[in-house]
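You will see chain A twice below: alongside chain B first, and alongside chain C after that.
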Partner chain A sequence: MNITVKLFASFRTGRFEIESRDYPPGTSVADVADSLKLPRHELGIMMINSRHVKLDRLLAEGDTLALFPLLGGG
Partner chain B sequence: MNAVAAFFKNHAVADLLAWQHQLEAAEHFGLSIAETEAIILDNGLLPARYQRNRQTISQAGQRELFRSQVAVIGCGGLGCYIVEELARLGVGRIVVIDPDTFEEHNLNRQLFSSPWQMGEIKVSAAVRRVADINPAVTVVAHQDALSRENGVELLSGSRVAVDALDSIGVRLQLADVCTLLEIPLVHGAIAGWFGQVTTRFPGEETLSNMYGSDKSAKGVESSLGNPSFTPALVASLEVAEVCKLLLGQGRSLRGRQLMIDLLSMDFCELVL
Partner chain C sequence: MDKIARIDMGAAGGPKVTVGDLGQYAGLGGRAMTSLMVAAEVHPLAHALGAENKLVISPGMLSGTTGSMTGRLSVGCKSPLTGTIKESNAGGQAAQVLARLGYAAVVLEGKPEGDDLYKIVINKDGIQVIADNSLKLMDNYPLVAKLRQEYGDKVAYMTIGSAGERKLLAASIACTDPELRPTRHCGRGGVGAVMGAKRVKAIIIDDAGMKMRPPKDPEKYRDANRKFVEGLRKHPVTGEGLPAYGTNVLTNVLNEAGGYPTNNFKSGQFAESASLSGETQAALEIQRGGSATHGCHRGCVIQCSGIYNDKDGNYVTKQPEYETVWSHGGHCGISNLDTVARLDYMDDNIGVDTIEMGVTIGVAMDAGLAEFGDDAAAIRLMEEVEKGTPLGRILGSGAAITGKVFGVERVPVVKDQALPAYDPRAIQGIGVTYATTTQGADHTAGYAIATNILKVGGDVDPLKTEGQIELSRNLQIATAAIDSTGMCLFIAFAIMDQPETFQALLDMLGSFNGITMTGDDVVALGKKVLSAERDFNTRAGFNKHHDRLPRFFYNEPIAPHNQTFMMKDEELDEVFNW
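Let's look at the complex of A and B:
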């Protein structure tokens, strides 16, 4: 299935800003993050089609997944 | 008090009262600068220091800011700039909470830090700085770490809380305290070239959606650090949110989150 993946902030470094990618049915948000070698502890806001989701959420054909790193500094 | 008001009316040029006369009145009538500021604003006059606020903030708005108390939690990269801007804006009472002292690695970005004052208590530096730049403003300093236990007492009387923390766990506790006190929380966080700002109203899930429930989580700032410009920018955005909330003007970031990427110079808004 075709998924549009959008990466933000430090996740773009050495990766991409937006890419259309193929994943098998049953792929979760965690699977996509792992395939991009995004450390789990760095994952902040995760959105599918502009709605908050958790790591175990399964993707569907045509979804847009947006991943933001966790920012905690002050 | 009538004699003081009359003194100010006599010395005002149009409705502007020069600092020199404010200081003279404080000395002559035995009042604090804060007391003179209240009398000036209550009599429809404006301390001249605020004349360039004027196209943005009305005289009544300036009075409203002076009568407001705002709590700034954290006095580091974000907090120093936030305190500076709130004081120059004319917010009358600023509560500043931070347990730490300045260290060498703060010098690249923390406005109140100086190589000549290493080891100074951060909230004491805030008191010193505000006394220097706007003596009409009262700073209530707490050298303490905010928690769910002490938060209600520390933030009591504040109309808005401003998040300038560097800990996700404490942020989640701050959000709970703001819900108990029924006050809005302006959230900001930074890491390297990146930052985010939003405004959370009591009871909203904004921070828990963002951070989950892992209170020990660390953001990417632990590897990216923080340069000078990111805290200055995010702090300014937070103060603009505070100003609007206090004045009841404009459209806040409630339900929206501004994501800032200064490396790509890309600002995007998430609808929460």
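Let's look at the complex of A and C:
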């Protein structure tokens, strides 16, 4: 299935900002993070289609997955 | 910090300085000092620009010590913008310097007759109030440059620009950073107008000959500070994210979450947000020879700020904050960082709150004064404020006034103060804070974004109402306490996640005074501050019906989540029931 993956802040270093990628059905957020060699403990904010999700959430065809490290501001 | 200076600007025969002991305010600092004093001493029905109002300037409890992050300053008064009590908080050098001189508060009282303008010089020999009409209508950058010729570079300056002198309701008080740029502002609530009403143009604070404030238990204090700094360095937000990208790293986060108010709160996402993002901004700053990592005061180890240069490498302004990039950017449909930086410079120079000004320009665009996305028009509107034209004075008086004058229905304010950069329909928790804080719409008062969106210090679903009241309550209590310590609020990201870092903070507070501080003591302090503020607001005529958002947040769903603000009135009324 086709997934749009967006990376932010330090996750972009040596990777990409946005890519359309193919994954087999049953792929979870954790699987995508692993495929990109993003250490799980560094994952801060994970969103699919603008909603927060957890690591075990399964992706569906056409989803947009956004991954951020832990961030703050204000 | 064993004394309080009161300067009666309206005394017969000219301004009169009285220095006294702490009395009932012993042990207080920062927001605790400003709010308890304003609540006790200012008539709640006073005109905010009248002689009865007081401008209380107070370093935090730990300011002026060797403790890191302790350089935040509180300025309090009755707000001319909101009519409520106000505490406006800034970095810069002023707090450290004032604290080392021993002042727990400097209070500007009364109001002079006539139109002489004054500067106040505070040093180890005392306080002098000097008339200086050569400073009239100067803006902050040229003003500080002129003052530096006389007072040099080893002092801290607090100044108002032309907006403060004109008593515009968005007027701020500028504090200089370590390099003496007037970039750190007590922005919110029109505190600059109160200083202007008292005819005080500049406060020059010189701590030559003074030492760091000594802790009661120096060894324990040093040890606690070391652990505290370790904790800040270790946490990904305070140790990596904020130093590398600054607060503007939030642009992409909020846009992705659908909570980025665009074109005056008409959408929760901005198509061009990427060009405004913190990632883009930091790369540009480094590429142009500026800096993406800079502290607003000495002793800050997080260093969330930076230096923004133009394409030729010339200084434009400090790194615009997320709130500013939003208010002058996406809120107005503007996607050019150079435009935002120029407007940030103008805000700092004229001396106005970047949130209030940006939101106002967006409201003016909604009124048809300019098109959304018209960079040149936004700058032109700011120039009106700079010149003090009738239009400029309307805009400089904020979003609520501008909305009324031009007949706009969608005016994002609570208690007449502009909403910051988070849409309460997509992030219910921050809406609770906007509605109920004693300050008028203010994100810092109870930063529910942390748990709703950033997942720091817990996890509450931003699109649901569950858990939001308790969250906002606890955050408002903790914030009122932190704002009293002199610590920058950004330490909260680390202390919410790391118990040992919170303990280090408690140990710093305790060992400085030779006592033991517990989490309960911090909560008690926060509640005391909030209770005093609520009491003032009640006496000033505010009731629960003012603790609401504008109706359009309840009536107009916003994309992409197509939700409204769903918190019930009865729920909002529970925030301060503890």
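By definition in this document, the second predicted complex is superposed on the first by the 71 of 74 C-alpha atoms of A that agree within 3 Å, B and C clash if a C-alpha of one lies under 4 Å from a C-alpha of the other, contacts with A are read in each partner's own complex, and residues count from 1 in each chain.
By our rule, a residue touches a chain if its C-beta (ideal position, glycine included) is under 8 Å from a C-beta of that chain, and two chains touch if they have at least 3 such contacts.
All figures in this text were calculated on a predicted structure; none of them were measured in a lab.
*Asks:* After lining up the shared chain so the two structures overlap, which partner does A:R15 touch, if you call chain B first and chain C second: first, second, both or neither?
*Replies:* A:R15 sits against neither chain B nor chain C.
*Asks:* Would you sort A:H52 into first (chain B), second (chain C), both or neither based on which partner it touches?
*Replies:* Both partners.
*Asks:* Just to be sure I read the superposition right, which of the two partners does A:E42 touch: chain B = first, chain C = second, or both, or neither?
*Replies:* In the superposition, A:E42 contacts both chain B and chain C.
*Asks:* Once the two structures are superposed, pull the chain A residues common to the chain B and chain C interfaces.
*Replies:* In chain A, positions 8-10, 12, 42, 44-45, 47, 50, 52, 68-74 sit in both the chain B and chain C interfaces.
*Asks:* Note which residues of chain A are touching chain B in the complex, please.
*Replies:* Those residues of chain A that touch chain B are 8-10, 12, 17, 41-42, 44-45, 47, 50, 52, 68-74.
*Asks:* In the complex, go through chain A and note every residue touching chain C.
*Replies:* Result: residues 6, 8-10, 12, 42, 44-45, 47, 50-52, 66, 68-74 of chain A touch chain C.
*Asks:* Which residues of chain B touch chain A in the complex?
*Replies:* Counting only chain B, the residues touching chain A are 74, 76-79, 163-168, 171, 188-196, 209-211, 217-221, 224, 226, 231, 257, 259, 261, 263-264, 268, 270-272.
*Asks:* Once bound in the complex, which stretches of chain C touch chain A?
*Replies:* Touch list, chain C to chain A: 235-238, 240-242, 244-250, 252-253, 256-258, 269, 278-279, 304, 322-323, 443-444, 447, 449-450, 453-456, 459, 461-463, 489-490, 493, 560-561.
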